[in-house]
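In what follows, chain A forms one complex with chain B and a second complex with chain C.
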Partner chain A sequence: MNIVVAIKQVPDLVEELELNDSGTDLDREWLKFKVNEFDEHALEAALLLKDAQGAQVTVVALDNGLDIDKALYAAAAKGADRVVKVTGEFEGYVSSHAAAKALAGVISGMSPDLVLTGVQAVDDLDGQLAVLLAHELGMPHITVVTDIEVNGSTATVQKEYGGGMVGEFEVQLPVTLGIQAAAETPRYVPVAKVRRAMKSTDIEEISGDAAGAGAGFEVTKMFKPETGQGAEMLSGSADDVAARIVEIIKSKGV
Partner chain B sequence: MTYVIIEHNNGKIEDISFEMLGKARAMGNGVTAVLLGSGTGDMVAQLGAADKVIVCDDPAFANFNPEAACKTASSILSGNTGDIILVGNTSMGMEIGPGLSASLGIPLVAYVTDIADGTVTSSLYGGKMSVQSAVSGGYIASVMAGAFPGDDGRVDGSPATEAATACVTSDLKVRFKQLIAPEGGDVDITQQDVLVSVGRGIQNEDNLEIVEELAQKLNAAVSCSRPIVDNKWLPKSRQVGKSGLKVKPKVYLAIGISGAPEHIEGMRDADTIIAINTDENAPIFDYADYGTTEDLFDVVPAITEKL
Partner chain C sequence: MEVTREIFRHFPKWMELTFYIVAFSAIGIFLYGFYRRYKKYRRGRDSGRFNNLAGRFSSALKKMATHETISKRDAVAGWGHFLIFWGFIVLLIGTTIIAIDHDFLEAVFGISILKGTFYKWFSLAMDVFGVAFIVGLLMMIFRRAKKPPQLDYARVDLKKGEYDRKGYTVDDKIFAWILLAIGITGFMIEGLRIAVDMPSFEVWSPVGWRLGHWFRGIGFTSDAAFKGTYWVHAVAVMAFIALIPFSKAMHMLVDFLNLMFSDPMSARRLPGVTEEKMKESMGYIKLEDFTWSELMDFDACTKCGRCHVACPARTAGTALSPRDIILDLRTYADEKMGTPELFQQTFSGKQNGKGKEPALAGGIISQDRLWSCTTCMACVEACPVGIDHLNTIVNLRRALVEEGDMEDMLQDTLQNLGDYGNSFGKSDRMRARWTKGLDFKIKDARKQEVEYLWFVGDYASFDARGQEISRKVATILHRAGVDFGILYEAEKNSGNDVRRVGEEGLYEMLAEENIETLNDAKFKTIFTTDPHSLNTIRNEYPDFGGNYTILHYTELIANLIKDGKIPISNKLNKRVTYHDPCYLGRYNGETENPRDIVNALGCDLVEMPRNRSNSFCCGAGGGRIWMDDSHMTERPSENRIKEALSLDGVDVFVVSCPKDYAMFTDAVKTSGNEGKIEVMDIIDLVGEAVGPEEAAVEEA
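Entry: the complex of A and B
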């Protein structure tokens, strides 16, 4: 079984987000990036299938210049068999439509049975990737997936709705799935193991082409949302704040 | 014309559908609702905010199927590449929206919180940034739950209907098998007066002890954000938000929760929201009544002690 996992680096939201001079995008220069958390789940879902029934796991990422090598080495250290960097004009923000086209061009040559992506990323503006990618690849799609079982030429897949309801589907392979959560917490890999992977892993480079594909609209302004009323901020020491919170709770008659 | 893809569940039209219908009405270009379902009569009568309803009533839609829904919606709307199509930013809408964008070849704007005169506003980066985009021609807007008031779209009536055919052939690659209801938890977080809700700021499972102690003193239940459940520190029945439960307690304490849109969706209607988060820019403060940027590891034990 061939499983391809697409991952990307996104800004770490723990950091303060600054705008660029034209106020249309983030200033990426000082930002810290990390792998989209749902992509970590997609990789974990692939590795769980590999552990259970054997699979060749390939991780692909567009080369957006944002520390992607580190992410690919970490994937190799966790158990990916092959890591591929898709080179081309992918610096800065890449629209989901362009990413889908570029990735599809590369992934279609890998004859995958399963293509996994994270369900969404914090910087998606023109849609989540999985479904767009499925269309480019001519595959069926299911997104918001929390469980996958592969049985020969089909997979049984669980999709999450609101309120914790789950829909179960059977789908013919190959399929593209948007992963919300793997069945297990994504495995941890110690830094020493990543360092070893850096020595023993070759990152393959394949050029990608997104010509003609884009969001189809233009960002005119990015800004910190006006906060409406906003909260009354409690000041003083932690102890003062705690005392005020106790007062507030008691005043609500609970 | 503005088209609205109606979402429903168990015979009940979802709030997001009314929110989109109300917004579509306000946009002033006429409203056509698109309803895929099985036994849709009662639902059509609730869609009075639409001028017309295109109905595809077929047993194949007794349950949602991403492939059947995308193919049918694409076939119904194939000639509408110049129109605005509203779809919910929901588990179903996340299949149909991009599916339509790909098959119709028109743009998709996601996480939409407002639409005005060719400018579409979206919420990105977990609610920390807003983005305005200039869109011309037809496009699909994937609308955030709670962005528009639902009452404007909740109009009974008998709009004109047009029947559409389902695109469900025997060669569908996706087959619906079953719906699985969530396991009932030990406590029902939707029935609590006070919720002590904890997020990733708690760092590890052992630290949960401090929120449990606080909850015990308050005679309250502990609820949480998604990562806590994904880490298996608390059961799914404690999750608040889009894919968890909607709660409306008298007091909601948000502890180490950033306030991503998917979380806000589940708790924005709480009477009083108190947020404890060291990041002064955390979106949770936009929704909270009271906030503090003191460290949760200092404040939470201090509250417990004072109770």
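Entry: the complex of A and C
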């Protein structure tokens, strides 16, 4: 079984976020980055399948010019068999459309049975990557996945719904899945193992192209939530309060 | 009549010959068993312990001769063993003299030294030490009959029926009773020998003389009685010699060597992982990973149980007993190598299951046992024979960390330490935030030369209660005119507990980063409020090229008070007790500075029964503070608070470690003792004694 896991790095929220001068993106120069938590779960889900029934796990990430090598070495140390860095123009914010296009170009050549990625990431919260990736790869997709079982050429997948409901799907492979959570907490990889991986692992570089993948939108303004204009607390007897409410409603011209 | 004794008196030649055949067989069995042991240790890795042999030998000799490690905190066992030991040694020397005299000097040269005045003194010494030997044995047999808790072999991790340790009890009984039989029959044959003609010079054998009289009186003087008793004595001795390498009697030989080759820095300075080993796994995963001295550790255990009762994890009702870790590894090693230990524990059920061999860490020694250790060092400190339980536990933990086998909370913490250099998962830029509340600016030791560099540590930097204490320390030192600075966001967790968790790679990373920062800073001395940081910086950083003088703040403050730099304007009338932090008292032997401070402030210091190097752990060390403790029957910290409350009229529990403060303030609440005792950092007391505002409050 061939499993491809797409991961990316997101700003580490432990640091205070600053905006760039034009106010359209984060000031990425001073940020700390870490692997998207949902992608860590996608990798863990792949590794659990590998542990249980054997699989070739390939981890793919767009080269965003940041510490992506460290993330790929960590993935190799955890048990990924192959780590691939997709080179190209991927610095700064990359929309899910662009990411899907670039990743699909690389992943399609890997003949995967399963493509896993995090259901969403803190820097987009759009949950679209898995869907768009599936579209580009011509595969079915299921997202918000919490459990995967592979039986031959099909997979039984659990998807989480609101209100604590869970749906079970049977799907033909290959399929692209957006992972909400792996069955177990993503494993810890000790520093020694990462160091070992750095010596023994070659990060493959494959160039990727996101040309023509418009996001369909443009960020016009990024800002911190603005403080409201202040509320007026009403006090006094019920009659007084009621009179005041009427007064306010009238003054607003309702 | 010549002043001497006849060996093999009235023995026919065949009987004498039989004696030699039995004796040589026994010695042959002994040598074979001893060789098997030797081969076992030879299979271990090198432990680099062949340095300073003279120093090692004399130190072990001193411990053995004085029995200091055995008599510590157990006078009965100390005296009992002392009498047996010296009785045995003198009787052994005596018997050897007889053998040399009879089988060599007389047989070869036809001369004998065992006569005249020498014989008289010889007889006296043998009788006196023979009595000592028997008295010691009786003391130990009675002590054991009273079933003290440390000699209860019940396991804490398995239920009755899942294991069988009758072998251990049989071993104990054989050992004690065979020695007692040898001692008693020895006196009997002496008495029977003297009873025949009562030579007057034999009054120099006071016991034998009296026994001889008595035997004559009751008519027990036949040659057959003498020969019979003689053979009982001889067979017991020979059986004992043959049994030595196959039973707990082996401790007579192994434990001296174990004391000699133990690490004088054990626990304080953990061994690193060699580059070669790092390539495979940083932890111990197979028998071949153990060093020969560790393999000897497992055999050295006499099951005295001191570690078992001292261990806070065991006291808290977890599955860990340091004694059983050592004994289980002995069983494991013996099973693997076929060492001829006759008295083993056996397991029923899954432990004995064939099929897939269980992993060493996580299988033979279960995860919950390994993770329960607080690395408080009580076991190592209590062990009379130099066993290093902690080293083995950490080496096995390393194997768990290698596989990522740990609970989520610990995993998150290690991740945080790797990402941010602190266990709180805060941005490193927040590290010095606690200084904000001060009305002066603490020097940045990276930029300015200072006399003292304060290594603050995580808890004192990030924990809200710790921050308050840090501000008090800063204020008092500032007022006392001490020139000090901190490293601001460049300080990382010192790694003491990261190393003891078993994350050696991360420890190396943290230590190297700190050393790089420290080497760039200009200062004379480091001080810290954190005993854990103190330990690793003092004892372990030198292995990574960081050589510094580091003090605990209690030493600094005690000196400032002595020098009058911190004037005590307001003597405190408090009745307090002081808790020695493991990493300060037991690990680094610093117990008096905090007491000097408390006394200088005018407090009435009442000691808890377990104090100084025998202090009882708060339960936070070795990474335990990053793990769940809800499964314990009683947290060690609660047990300790109870101990303090048992003291008469003590209302303040003084600590000198930021983790202690957090642990014990919690324990007071969770044990329902709020309002009965107050936990205070020692600096809180100092603050009250110097501050004029506080003084006013005190008087009001």
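Convention: the second predicted complex is superposed on the first by the 223 of 254 C-alpha atoms of A that agree within 3 Å, B and C clash if a C-alpha of one lies under 4 Å from a C-alpha of the other, contacts with A are read in each partner's own complex, and residues count from 1 in each chain.
One rule holds for everything that comes next: a contact is a pair of C-beta atoms (placed from the backbone, for glycine too) under 8 Å apart; a residue touches a chain by one contact, two chains touch by 3 or more.
These numbers were taken from a predicted model, which means no experiment stands behind them.
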So in the superposed three-chain picture, is A:G109 touching just chain B, just chain C, both, or none of them (first/second/both/neither)? neither
State whether A:D12 touches chain B only (first), chain C only (second), both chains, or neither. second
Per the contact definition in the header, classify A:T185: touching chain B only (first), chain C only (second), both, or neither. both
In the superposed arrangement, does A:G152 touch chain B (first), chain C (second), both or neither? neither
Tell me which partner touches more residues of chain A in the superposed arrangement, chain B or chain C. B
Considering only touches as defined above, state whether A:G212 meets chain B (first), chain C (second), both or neither. neither
Report for A:R196: first if it touches chain B alone, second if chain C alone, otherwise both or neither. second
Chain A residues touched by both chain B and chain C? 14, 16, 185
Touch list for chain A against partner chain C, complex: 12, 14-16, 32, 34, 185, 187-196
How about chain A: which of its residues touch chain B in the complex? 11, 13-14, 16-17, 26, 37, 41, 96-97, 119-120, 122-128, 130-132, 135-136, 140-144, 156, 158-172, 175, 178, 180-181, 185, 215-225, 227-228, 230-234, 237-239, 241-246, 248-249, 252-254
Which residues of chain B touch chain A once you look at their complex with the stated criterion? 9, 63-67, 90-92, 94-95, 97-99, 101-103, 106-111, 119-120, 122-136, 139, 142, 173-182, 193-194, 218, 227, 230-232, 236-237, 239, 242-246, 250-251, 253, 258, 271-275, 279, 281, 283, 285-295, 298-299, 302-303, 305-307
Would you pull the chain C residues touching chain A in the complex into a rising list? 273, 278-279, 282, 401-402, 404, 406, 408, 411, 414-415, 418-420, 425-427, 429, 503-506, 508-509
